[in-house]
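Labels run A, B, C and D following the written order; every chain starts at residue 1.
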């Protein structure tokens, strides 16, 4: 196979990382959803590429699942939710953006030097990208920490899932089919429950600001 | 066929089987109590007397087992790799002796004691009571750490439920809470002690622990843990706080058992661990035990002298006696650390003797207060008095216990003090001069404590039973019922017997000291016939029987001669009192007044809150509240510290989901960093 | 194999049935019936395993070995008793108007689904499916916790969802790494996620990857176990959900999470020569014990308090497994069993107590023993048992753990002593006035179901005094398995 | 137990019973002389006893049997005490029955009974006296015990006879410990026998009296027995002191003639001791009741120091 493929995959990985950073820095929910969709698309592309390069048919399937879930279904759901609850406004973060970015960069470095020694051992052609996957996971984790509204938190959670998917693809050509399906099912159910919760929270607290969800404490 | 086998089975039973049979009987009685939950008559008149009879049986068994070779048996319950091991050797037999004899008396008393309306239904009380007895027996019999701990905690638990029998009252709840808390923490200490002793062999039998040789470091750890754990149960300073709370709260027969017997199981534990499992002694263990014991004893007696609640007074006096016993153990450890076995045996004999006599007189005192409590409904000494006229039985029998507990010849308490002082007098001869300097001070302290005990007991008896009634209602006080009298007489018999027959009793407990320190007084003690001779007749001797005879003879002679030469005329009249006409009960010295000199002399011991009347009071009154420094200097600060820590830790959980996520994130990063190396 | 099918199928089918009939009165009985059937199936399964040894099913994707078989039985058993308990409980809740028909339907159906997911998690051989099942269990319990739809319950459910979701995600990353390490050894299509295969080759797995993988798995499943400082979801979820749910959360879900952790630990220990896993578990276990003890001392809500006590005990279990060695591991397994029995019993008693008093605030509950002695004694004995009072089984395991720790990890014993003391002081000082004293609570319309309470307490008592030989054999085999033999 | 032993035992106890009132008489005599008063004469105590025995005894209505039996018990204790302290001979059959510690116990027993009896009537003075008596007791007893201990450390024994024998046979060495012990013993015996400066036997001033307050309610034969017992106590104490500090002249076993020597020796020593006591009493004034604990604590400390010195320098 040509080195081109490997380079392309690395490129896609880089885009993925960039998108995560963009999400951290992004203030508006709508564009967050767009970024998330873009992330999904990149993920699909990467999966297809790996699948094509290594002739692993089941990667096509998982790519299909990803497409269906992360590119079409979930974004649609999110769009409807924010339309129904009309929460298009800007999201103020708990920590200001530049600080977040700096921390993010530190995280990326951390992730890389964690992943470097072990990614050598991988049999995958995309082995170099394991660090990026880890970085994506950590970045979305941080995003969940810094956001104070329900929807962005959910998006952070989902992009963490993306990172994991990408890790699976890059490190091991994806998980066995059963597991892939199971995970996909969980994600689907999860997002549905999220959707339901949004409405309940909204009707209980007439806001999606999770700072209302701080009653249960140990006083 | 089988019937026949069952019939002649008892013939082939060993002592241990009999002991276990008694335990089973007690458990069955308890179960029966559950079925007769609210039928007071049945429970009181049938179940408790049967339990007392079982106690007598146990007494007999122990008496014959004390000299016999050890017996062991294994029950098919417990942990799979660790079934319950039981073993009956002389040490266990001695404590069985105490448990059996005292419980016999107390059960008989309880048969007449329990009345309606005491919170817990009588049947349940019977269950808890007999479970308590059974667990104490099994503690003494246990031969592996697990069985011991299970029985130990069962003992604590059953006694806790007995203490809180009348749980409507908040103070009683509090008392029970403190009691169980201290007991549980102590139990964890004992647990860890066994953890040290088993030394990673994973074999928790005492046999294995005996076989193991520990390094001095680990041995000392084990010793300290044991001292902590058992000290918590025995009420050593500063773990004594539960005792004066729990004893007044409990029904009197229960206080009698707790004070008379349960505290001794802690002593048993210390002896078992120190002399049997850790067959090595280090001299500073002895010094530590001496110091703690004496501090406890002095503290206890001084507080006892200052109390105004009769059961609290007795509780503190129990603390004092326990302290003396621990001091004796310390001396014995000291001697055996330097290989002076006969001296060690002497000190140990003193301890065991005191265990027995204290068991008798203290439980007798407690049941006595029980009768008073029932007759008058008063625990406050300030509201009692003159009861010797309304309840002569209780008064005269209690007087015996009072004399014994004051350490007066020719009663049981004196013998043990005498032996203890003897062993102190023999102590010069210890290689270390520092210790030799220590000993006289210690002896002086013991003498002082004994004298103070006398003071306390005079206060106790005088204020309750003598003088004029301080309340009118006391005139209606009724004397003890039949069963109560039987129980009290049995216990009184014990006090007198221990006082008059020291030679015979020491001959009985000789095997115990032999297995513990490898020496005993058995040979020399009998030399003087009725004289108690610890070492040799030249060095020291004491013949209570002759002593009593002497006093009695001169008493009788004086009586007769006066009648013979002069007359026996007697005239009754109002008291003279320097011609002061208007006498009433309130003019007598009160309990507070009687404690006043002690409070004055030992002021730093107390934490006193006084309410002095001002000259302008229309209704002037004086109140003094005697508090315990340890409570304010140790326990409350610890509680505060825990609270403060808890508040700090509570900040962790302040409800923000982002912060929670941050915790997880940071933990992840840290762990990753850690594993990276 | 068929039996396994029944074990997993019955609750699944039950959830479907109840999804349609759950709002009827009969649903409570149906729920019990399905749980009973599941329990019977697991008993049969157990019999097969005892007679025939480990079972594999469906391309070795599922398997039963000594480690999980007793957990399966325990899960089914507690599931059954909880179902029995929830009959009168839910009836009263409905009378109080806290449960609408729809919610009842959701509750019953999710209850069955939840037990199904846990059984899958226990019986699967595939670490991936294990993860999927754990996640599914989370989702179902989220719905169960939020069933009251009160603000508090929503908040609790949301926190539970987010925190556990994120935690579990870490576990997935760990699983990926594990897969990656295994693939090199086993090969791409060699079932590289099957635990048995991994266990077979664990010596050849790459230490670097495994170390990293375990770190992620530990954080992931540790969150679910409720180890401090990832525990924050646990008290909320326990306190705000219906009491039967709290019972199964404490009694079962935490056990399953510990089980997942153990499976990973075995592999890690095999791959590394260092005792990394053990040290991590000991550290976090001890931390959890101490912190939870202090939390216990400042609780006002009874269910919250017992939730913290669950954290404490999970910490103790983790510590025990971290110490390793035959005795400690044995003790850990015993403690898992007894804790889930006793703790669920306590929650049963607490459930009725709170229903009687109409509040969960402990200072408003007084003198239970007066109104209904059984509830009172159940609560008193249960609390004493969970506090490690013999002759209950909790004491047996704590005895083994502490005595072992005293010589293996002496540094830890002062902390344990402190924590156990504080915990005792905290819990007992609150339970005693609730049970004793003058009463404030009123009798209820429907008789409480106290059979489960006393069955559980009885079993706990039995385990303290006598452990049946076959159970003992299980524990020993499981311990051997866990020490990599 | 030899026949001679029995003889000396009986002789000793008889002597004690007879001489005890005489001793107190003698002390009063001396004091009177020293204070330039006209003395009632040695035999006054006997007359007093006779008078009291003749009188009928008046007892409070609600007095319990304890009240009436106490005098006999106290008397019995004191008689026994005199019997076991080797004054004439060390060959006493009764002596092994009670050693030094038991002797202290004997005094304590008497004290407890007299105090209880005093509380029995329930008058304000009785209870007051009982409290003070016990207060003195719990400080004096240990001090006395310590004194006896330092003697018994020298003689390696607590049996009184052995102590006396060893002390009597030692060569004239200086025993610093015994010096301390002697001072302590003197103070203790002053307190125990209700002498100035602790108590004044010659007063009935309510606020200060101790011993008199105890026996306030007694009359007739009971009072007589108590008075007699008191003088017996004084006698026993003096004999103990003599036995410890001036043991010379006490007869030993198998020495019948020594008894004949011992008696005049004893009388002589008692006379001197009594005179000295009277002298002390005349010199010192009664102290406040609140100072008594300090006085006795000093005695206690001196005794302990004596013990320490003994162990330190081995003498």
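We take it that a residue touches a chain if its C-beta (ideal position, glycine included) is under 8 Å from a C-beta of that chain, and two chains touch if they have at least 3 such contacts.
Keep in mind the model is a prediction, meaning the values are calculated, not measured.
S.K.: Spelling it out: a chain qualifies if it touches chain B and also touches chain C; which chains qualify?
M.R.: Chains touching both chain B and chain C: A.
S.K.: Write down the pair of chains with the top C-beta contact pair count.
M.R.: B-D
S.K.: Taking mean CA positions as centres, which chain lies farthest from chain C?
M.R.: When every chain centre is compared against chain C, the largest gap points to D.
S.K.: If you average the CA atoms of chain C and of chain D, how many Å lie between those two points?
M.R.: Centre-to-centre distance between chain C and chain D: 79 Å.
S.K.: Which whole number of Å gives the spacing of the CA centres of chain A and chain B?
M.R.: Comparing mean C-alpha positions, chain B is 70 Å from chain A.
S.K.: Just how far, in Å, is the C-alpha centre of chain D from the one of chain B?
M.R.: Roughly 36 Å, centre to centre.
S.K.: Could you work out how far the Cα centre of chain A sits from that of chain C, in whole Å?
M.R.: The separation of the two C-alpha centroids amounts to 31 Å.
S.K.: Touching two or more other chains, which residues of chain C qualify?
M.R.: 158-159, 162, 166, 170, 212, 235, 295, 298
S.K.: Considering chain B alone, which of its residues make contact with at least two other chains?
M.R.: In chain B, 650, 652-653, 657, 661, 668, 672 touch at least two other chains.
S.K.: If a residue has to touch 2 or more other chains to count, which residues of chain A qualify?
M.R.: Where chain A meets two or more other chains at a single residue, that happens at 114, 141, 144, 153, 210, 213-216, 218.
S.K.: Who touches whom among the chains?
M.R.: Pairs of chains that touch one another: A-B, A-C, B-C, B-D.
S.K.: Show me the residue ranges of chain B that touch chain C in the complex, using the header's touch definition.
M.R.: Against chain C, the touching part of chain B is residues 76-80, 145-146, 149-150, 153-154, 157, 164, 167-168, 170, 173, 176-177, 180-181, 184-185, 188-189, 191-192, 194-196, 198-200, 202, 204, 642-643, 645-647, 649-650, 652-653, 657, 660-661, 663-664, 667-668, 671-672, 675.
S.K.: Would you tell me which residues of chain C are touching chain A in their complex?
M.R.: 61, 126, 128-129, 131-132, 135-136, 139, 142-143, 146, 149-152, 154-159, 161-162, 165-166, 169-170, 172-173, 175-177, 179-181, 183-184, 188, 191, 193, 206, 208-209, 212, 235-236, 239-240, 295, 298-299
S.K.: In their complex, what parts of chain B are in touch with chain D?
M.R.: Of all residues in chain B, those touching chain D are 385-386, 388-389, 395, 399, 403, 406-409, 414, 417-418, 421-422, 425, 428, 436-437, 439-441, 443-444, 447-448, 450-452, 454-455, 457-459, 461-463, 466-468, 528, 531, 537-544, 546-547, 550-555, 558-559, 562, 565-567, 569-578, 580, 583, 585, 587-589, 593-594, 596-597, 600-601.
S.K.: Under the touch definition given earlier, write down the residues of chain D that touch chain B in their complex.
M.R.: Against chain B, chain D makes touches at 53-54, 56-64, 66, 69, 72-73, 75-77, 79-80, 83, 94, 96-99, 101-102, 105-106, 108-109, 111-112, 115-116, 119-128, 130-131, 134-135, 137-139, 141-142, 145-146, 149, 152-153, 156-159, 162, 204, 206, 216-217, 220-221, 225, 290, 293, 300, 303-304, 307-308, 311-312.
S.K.: Could you pull out which chain A residues touch chain C in their complex?
M.R.: Residues 114, 117-118, 121-124, 134, 137, 141, 144, 150, 153, 157, 160-161, 164, 167-168, 171-173, 175-176, 178-179, 182-183, 185-186, 189-190, 193-194, 197, 200-201, 204-205, 210, 213-216, 218.
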